[in-house]
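Chain IDs A, B, C and D follow the sequence of writing; residue 1 opens each chain.
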Amino acid sequence: MSEAKVAVVLGVGPGLGGAIVRRFARENFAVAMMARSEDMLKPIQKEVEQFGGVALPVSADATNLNSVIDAFAQVKEKLGTPEVFIYNAGAFLMGGILELTPEQFENSWKINCLGAFLGVQQVLPAMVEHGSGTILLTGATASLRGGARFAALAVGKFGLRALAQSLAREFWPQGIHVAHIIIDGLINTPRVQAMAPEREVHTLLSTEAIAQTYWQLYLQEPTAWTLELDLRPALEKF
Amino acid sequence: MSEAKVAVVLGVGPGLGGAIVRRFARENFAVAMMARSEDMLKPIQKEVEQFGGVALPVSADATNLNSVIDAFAQVKEKLGTPEVFIYNAGAFLMGGILELTPEQFENSWKINCLGAFLGVQQVLPAMVEHGSGTILLTGATASLRGGARFAALAVGKFGLRALAQSLAREFWPQGIHVAHIIIDGLINTPRVQAMAPEREVHTLLSTEAIAQTYWQLYLQEPTAWTLELDLRPALEKF
Amino acid sequence: MSEAKVAVVLGVGPGLGGAIVRRFARENFAVAMMARSEDMLKPIQKEVEQFGGVALPVSADATNLNSVIDAFAQVKEKLGTPEVFIYNAGAFLMGGILELTPEQFENSWKINCLGAFLGVQQVLPAMVEHGSGTILLTGATASLRGGARFAALAVGKFGLRALAQSLAREFWPQGIHVAHIIIDGLINTPRVQAMAPEREVHTLLSTEAIAQTYWQLYLQEPTAWTLELDLRPALEKF
Amino acid sequence: MSEAKVAVVLGVGPGLGGAIVRRFARENFAVAMMARSEDMLKPIQKEVEQFGGVALPVSADATNLNSVIDAFAQVKEKLGTPEVFIYNAGAFLMGGILELTPEQFENSWKINCLGAFLGVQQVLPAMVEHGSGTILLTGATASLRGGARFAALAVGKFGLRALAQSLAREFWPQGIHVAHIIIDGLINTPRVQAMAPEREVHTLLSTEAIAQTYWQLYLQEPTAWTLELDLRPALEKF
């Protein structure tokens, strides 16, 4: 087992999740990266190991209790007790109210909100015992606005924001920093580049720049903690 | 089948739901009242029938798709196509994050949010066809604030508010008024009277006064619709 | 002196203010209408008198303390003590931060916010003594959003909203209903019709429909008061 | 004239303002510190000079246009063109609506909001020309909530928040980062220590911890800028 501090990022792909993994790994965290499939975690693992860091791929379905329990058990066994937990899973599903099926609506909530609840239940007992820890939750434009055809996303993201507030009010006094980051714009990921090839890079959120703010939130001292902040490109309309 | 206009209230008990049923029934609506058990609907039915109104008890589990489909099919058959739909179901579950089970957390979301989605899917197609209709969703203090030990409630109520916004932005332009009412205080119900016998009546929200605002929202003209308003007693701390 | 209940509307022109005057006058209020110039008040006075109502034109500059004091003294002398006070004054000034002069910025705040403070100071002492009263404040889209080139308006309207909240928290417990109405769209006034002749009527807020909601707020019972609601056309983008 | 980058902090005393001055001075900024009286600036100047930094005391009345113009002219002459502007002036005035005089109400707005407008007008032209710059505005609990007896403060702080939003939407696309920091709790200053001697240090916001977040906001890259964040102690009730 590593003697490094341990961070878990639930919801890792080639975009923001990977950048957060790299950021914390560079600061000598042993980082567990969780995704439904380990396939896309291998390149990140390789990259991290090249600069001497530790990034452990762990397969996990954020919407499935047993899968989440198993994944955190692996982390504990292989890396140690997490000091930082970042929930970055999410599903982006557009559709009018009459086009969505109840299953789609429910699954969207599970991946955008329930998974965070399942995750924090795994890490909080040890954090409470130690009187410290950091939990960062990734929000979106839809955390504050229920747009037409965005009900499935907004219901989940509003819910995640509610969870963040309840967590903060219950666990800040116990030394655990919970923060909610509202990412209000398109992130520069391979998927977005493919979807919107005309978008110039500086009009998209850089994953490294976002990860830097996650890192700064981790560093905040407990007399001046942030619960919520927004991030968007200078050139975003908002 | 009645020739009266039809309203459905999903989530009726001796408190606010019953008052809304009476309010719309007094205005000559044929009102379908839905609750898990029809038992507590009988006294309201009797009361409404005494003043010559129509109130049809329908058994429905708001969290169960087939039950919701069946319930609305009964309404359509017995009363006609609903012009008004009011979602007043909800569950009030307190508990710290580590005390709640995933099932409790999920069920709280289903009753506070998913049920509204299932309900609006039943009424919207006809409303869209007619180019008119009214959908009123009952919110709470927890719609805007995730308090400590209120995560289960807040996640559902934030979600319901997101749904209200998405519904409004999609369906207002089609002539359907969607509004979200934030009830920010204790309602004067038999349960609250039992729980807090020391509370004087005028410090609690009167169910009739709330129902009056629901009625006024129904009456609003489409050039000046309200999406959201709050209601609380003059003596509430807020 | 009239024995009718007295309402004061500060900020009356051919648009919303006039509609509010008519609405309350039809309910047998003696209504004092205040504007910088009495000229545009004459037609409203005539209209109200034709249906047997009372509408008293009073000249007042909302941004000038002595003018406001004088105006309310006239109301008291000629009509009696106001039970209802509606602040509907406002100035719509667009301009980038570097285009606005400090005088413009300050004057915009005075008309959009300070005037309401001066007005409520005139009516509150008697309201507190009687343990009742209603104060309605007209907000706008800019009450919630500081847009580019809207700083002058938003600073005033945000301030008015702050004032509404502080008033409500101080005076609701004393029996005085304070409410803030966010009018989120273009109102159908002669000025807007001239500015945007292509806009169809049903895409604009009807002044009568708005005034109806003001009236309903007046009627609310103290166990279920609204602090804030929004109004916009069904067809508004928001 | 210094070749260092120049920052201006308007509103400096022994509390947060001083900590911000020290923070930026340690990063090799030449910092102009503005306050009504230069007296309390001398100790900060001395402290900064002891570690080899530059902190220039400038007398300025934030509510007076000519005084603000003069002060910025001095900065330009003695230090150079500001790249960073921080508005930290404010007045904390409690009082019920009927206790405040119109002068007090107006002055509170001027110091909490107008002064920021006057300040940004001095620095923006050069920032726009260079296509870069940072403007940080200090908010408070009262930026989001108009409490009873807090009208004077809330009107100013709501206004400052509106100004921040309008500034961001106008000037972010021109490369100028505007951010608004909501300080939601008591700051550990000599004044607060005297007022509330029973408060333990870790229940108060540390000025150094706050200043660190201001510094991080300065460092943010333009693809992921924050408009607003909150800061409060872990032990704050909120």
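Note that in this section a contact is a pair of C-beta atoms (placed from the backbone, for glycine too) under 8 Å apart; a residue touches a chain by one contact, two chains touch by 3 or more.
These figures come from a predicted structure and were not determined experimentally.
Undergrad: For the homomeric pair chain C and chain D, should the interface be classed as same or different, according to whether the shared residue numbers exceed half of all numbers used?
TA: same
Undergrad: I'd like the Å distance between the centres of chain A and chain C, where a centre is the mean of that chain's Cα atoms.
TA: The computed centroid separation for chain A versus chain C comes out at 46 Å.
Undergrad: Mind checking the centre-to-centre distance between chain B and chain C? Centres are C-alpha means, answer in whole Å.
TA: 32
Undergrad: Taking each chain's centre as its mean C-alpha position, how far apart are chain B and chain D in Å?
TA: So the centre of chain B lies 46 Å away from the centre of chain D.
Undergrad: Residues of chain B that touch two or more other chains: which are they?
TA: 169
Undergrad: Line, ring, star, complete or other: which one describes how these chains touch?
TA: Basically the chains close up into a ring.
Undergrad: What are all the touching pairs of chains?
TA: A-B, A-D, B-C, C-D
Undergrad: Considering only the defined contacts, which chain A positions touch chain D in the complex?
TA: Per the touch definition, chain A meets chain D at residues 169, 172-173, 175, 177, 188, 201-202, 204-206, 209-210, 212-213, 216, 220-236, 238.
Undergrad: List the residues on chain B that touch chain A in their complex, please.
TA: Touch list, chain B to chain A: 65, 96-98, 100, 102, 105-106, 109, 113-114, 117-118, 120-121, 124-125, 128, 142, 145-151, 154-159, 161-167, 169-171.
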